[in-house]
């Protein structure tokens, strides 16, 4: 057993961490203006856009991955555009994985953020504007701290979802050890190869680590908690 | 093309709808007391429990499905307990699918609900208690309508996630045509069998239907919208 | 060893049913030559779709002959590199011992029989073969109608279904039962009852390096061939592509 | 004694510790004290909203709180108006109003139409509560609490955001509630005008403690009553309605054995009233001027002269047969000029008086 | 003219339409009107919080709003105190206070320590704003707005939840702000006391419109001023501080050519003041009583007698050389008894007066 634990390939863990971190950061950065905008608009447009954001969820991840593979591959429209800008191919690369995970986890980040912005309402922003804070200042000194819990919910759901993500990554990333083989795929491979012990160990490591990280994140968040209203 | 559309097997669509509906209803019903309790407790216990709820996310669905298959199978502890109570087996059945999806989508339902309850605060409940409403009455006449948007977010994320769900269902459901073969698996099979047209058609149907349903749900919700605070 | 660090690694894309066996083979190969081998496991259809879009694999061990053929037609492989590496064999596995491995005696209505597991005939070659066998015994329609047919997405999942006791009996790849100690008993299925499960491999276009050639040579070596047979595969007859 | 007990509660650095209190069964009891002295905390603990509150509360013989066991709020039949209006955001005005009404046991004493009229809510009924102005919200909150048919009404600064016209319109109905339906009302306010106008009893709070519970007469007759920080002292006298002089629009009161004319008051002859007279409204003169528009000239005896501030004194005057003294604030110059001294007799001229309840 | 323009805004069934307004550059301007008349809507539109507001606003020569183009609020240098306290929930009291201070251009005219002292906030600085009482929150909100070093201060019922002591403590500093730092203050209130105490100008609003903008003297000298719905009319007279009688603690004012004694006032001789006298504090008599504690007896001429209500009249009296009239509320019985008629001369006895600014 100890032998198994020592001889396991831990690189997938590291790659998973990278993909999930990049994806989450990207979701937070790009998701913020999107969620701010969705929180502001009204009417039919809003309902449809909200639905569009939630759409990636309803396709099986492998199928979503397949369509992304087609679109982002060398012959696909996105892939060609990307290549014409002189970048190396998206598919089977970390960049591709991050983009795929981004799309797939988008609703988990956007929904809580949007909701947070709506709940906060205009009042705190009005108050900070009257106190001389510019738009950026308003966002960083008021909106961000007041919606911190929503950011946390969004970020943890998105992070956890990316860590467990499998179908999109397998399809788009190609299960290439050392490059795109994330831990979810590694566990899957062990199960496929009927190497149950290894699968159990990796799963246990994942669960314990996640439990630890999530507990700490939630615990710290509680401590800093702000109850609105 | 039309030929293809007419000859497609639409039963998986129907099964998907059933599984997703049951799962969502179960999540809402059982998730409510859980979220209410999580919203009330404090301290380290809360942080750890929140983390536990989010855990199913970090395992690849197929692997989660595998563990569930073992546990809920005729030789597994849950399966034996279940059988000893005189029920027919959980695995390869609609019931099993719903339980698996329930666990896998739990965080998507719990997190928004918990958050909604915390944001609502105690004041509306205090007001309704002073007006003579009993605990149940308070919940149905105040808490539920005031957190309706959180229920909606939770329900749509959970529903959409169950519809697209694949790994857990594939493993646990046994892909039994007419019983547990859901649309996500059907699409996947088409892709695997290089029947791309069929896959496209099913995917398109899924997307359009989901877009419609989600738009309507979000639109109706907007109309009834309650801004708190 | 020192040499190992200078060797270029090779990437193998492998269909799930052959993963465990290929893993063992490539570990031996690496030990002998110092050339690292990376395995990418996946469903054949998925790997095919990826290869069509430039996946960086060197060799592709498919679960059937169709996808390698399609790749050849598309000009995506090294000329003449397509070869049959094994022929799959189907076995009936009755885990509980309640059911005979003789399918002719199977009573579908028996209350002990909840599920019969096969791989999905639509996507998995072993599934297609299993379907032919069931049809031969007139069981396929019956099982399908009574919702007793559990379809594994691949043979691996089909194996899990039976191994965990969720299905009582199944038709699956012999290789799974040869390499793992399992409960119950199993029996080869008469090969005339199903069209041969030809599993082919190809070298992908531009990937014919000396390391790849070394691997191919190693794969064709006597020792490996014996190992394949032990693992429950039939060897391709000489001369058959 | 209707509402009795003692309560303690800790919130951060703040400590509420009421000591034993007894709040009368009827009438309006004002809770008065500085910002942050614990009025809201006290009332919330009393109502049962603070789970950490310790102590004992008995209301009309029913145990509300004892030994850590608390009767659920919804069984207490109380009406509560919160300091910040807490309307249900998902209901329109009408449904907010009807929320408690639907849940009240019959028969109803307070009717929907009545309340809508009292609080002038008819034009707001279909409105979304989010769109109401500050004062409108508060009126709806008051109405909602009333319609719950409470056995006791608790209000936390309910009038703070109302303009004086709205207040004037609501006061009479609160008075009616207090007098006709006879439910006790607990009323937090920082307005001494509201206390004078409405209260029968005053609970003075300071730094988390109940400093004293006094009848309004006691409260007002203290020379340095907390009700009048930096303001004039006032006196409260009991009076009996003696007669009406309808043609002049006057009513005549007997205060002790003296007579006091006031604007016509719609009460029966023989009723007992309380008259508030601000100390700086009272002047002393040796004899009544021959021709004056001032109605009231009462013969008084000086009982006591005490310093009020650097330049003026507070003179305690005694009316014949009246238990409470009449206070006059007089400059020291006048004291010198008039040679005021104890036991001497004077005429107290009073221009305006106000009537309690 | 400091703040001029016109604004219109539609919110549901409510329509704000101010017409042209001109608000003076200095002093405190009260916005007064019934609950729901549009005070908050007007002030918010003025500040720039309502994006749908149409019209034009110019402040100190700077265009705030014109042709749909609106200067961003954060560039307007205004301080705003909201009707419901809107403290930042994620900051403690000190950081709420410092929020605007950090962002203000130097030099600062209003200092942190000053404000903390004025508003008595020292013991609250480290507190979480969620734990403050209603009044405490409001004090922090006022302090935060002041520390933003605004060029104009807008306050929406800032004192509504403050007790009278807190108010008494804050008034002088608002006055100081108004007089020393000389920034204009716009102040919504429904308390006529606050208007009388603080305002130089009053904007009367009714049903979404500005009914009139009046100086405080004009506003108070209307017999039926909206400031005193159902209350006594008052008169405001201009007076010059004539002399101090230190040993008696009195100051002597000249009102027209008559003299008026009041409690000692800490102002320089020669300064102009405004004196408010409630009409029911004024009695008429034929001659001054020989011995009386009443300080003030002014010779007046009756200019006009008009019905006030069923049983009393309002008598307009003229003091010699004073532009504004003195009002007295007298019962009809006294009018008969004294045979009051126009142009006859009387002595007006006045017990108490109050001083504006």
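Residue numbering begins at 1 within each chain, and the chains themselves are lettered A, B, C, D and E in the order written.
We adopt the following convention: a contact is a pair of C-beta atoms (placed from the backbone, for glycine too) under 8 Å apart; a residue touches a chain by one contact, two chains touch by 3 or more.
These numbers come from a predicted model, not from an experiment.
Undergrad: Please find the path from chain A to chain B through touching chains that uses the fewest steps, and give that number.
TA: The fewest touching-chain steps linking chain A to chain B number 1.
Undergrad: Based on CA centres, what chain would you say lies at the far end from chain B?
TA: E
Undergrad: From the C-alpha centre of chain A to that of chain D, how far is it in Å?
TA: Centre-to-centre distance between chain A and chain D: 60 Å.
Undergrad: Averaged over CA atoms, how far is the centre of chain D from the centre of chain E? Could you give it in whole Å?
TA: Taking the average C-alpha coordinate of chain D and of chain E, the gap between them is 26 Å.
Undergrad: Find the geometric centre of each of chain C and chain D from their Cα atoms only, then give the gap between the two centres in Å, rounded to an integer.
TA: Taking the mean C-alpha position of each chain, the two centres sit 90 Å apart.
Undergrad: For chain C, jot down the residues that touch at least 2 other chains.
TA: Counting only residues that touch two or more other chains, chain C contributes 46, 49, 160.
Undergrad: Hunt down the residues of chain E that sit against at least two other chains at once, touch-wise.
TA: If we look for residues of chain E contacting two or more partner chains, we find none.
Undergrad: Residues touching two or more other chains, restricted to chain A: which are they?
TA: Correct list: 62, 66, 188, 191, 227-228.
Undergrad: Which two-chain combinations touch?
TA: Touch list across chains, by label: A-B, A-C, A-E, B-C, B-D, D-E.
Undergrad: Please name which positions on chain B make contact with chain A in the complex.
TA: Interface residues on the chain B side: 42-44, 46-48, 50-52, 54-64, 66-67, 107-108, 111-112, 115, 118-121, 123, 149-150, 153, 156-157, 160-161, 163-167, 184-185, 187-188, 191, 199, 203, 206-207, 210-211, 214-219, 221-222, 227-229.
Undergrad: Where on chain C is chain A touching in the complex?
TA: 11, 16, 19-20, 23, 38-42, 46, 49-50, 52-57, 156, 159-160, 176, 179-180
Undergrad: Flag every residue of chain D that touches chain B in the complex, lowest number first.
TA: 47, 49, 72-74, 76-80, 82, 86, 88-91, 99-100, 103-104, 130, 144-145, 148
Undergrad: Which bits of chain C are touching chain B when the two form their complex?
TA: Within the complex, chain C contacts chain B at residues 43-46, 48-49, 70, 114-115, 117, 120, 122-124, 144, 147-153, 157, 160-161, 164-167.
Undergrad: How about chain A: which of its residues touch chain C in the complex?
TA: Where chain A meets chain C, its residues are 62, 66, 69-70, 73-76, 89, 91-92, 170-171, 174-178, 181, 188-189, 191-195.
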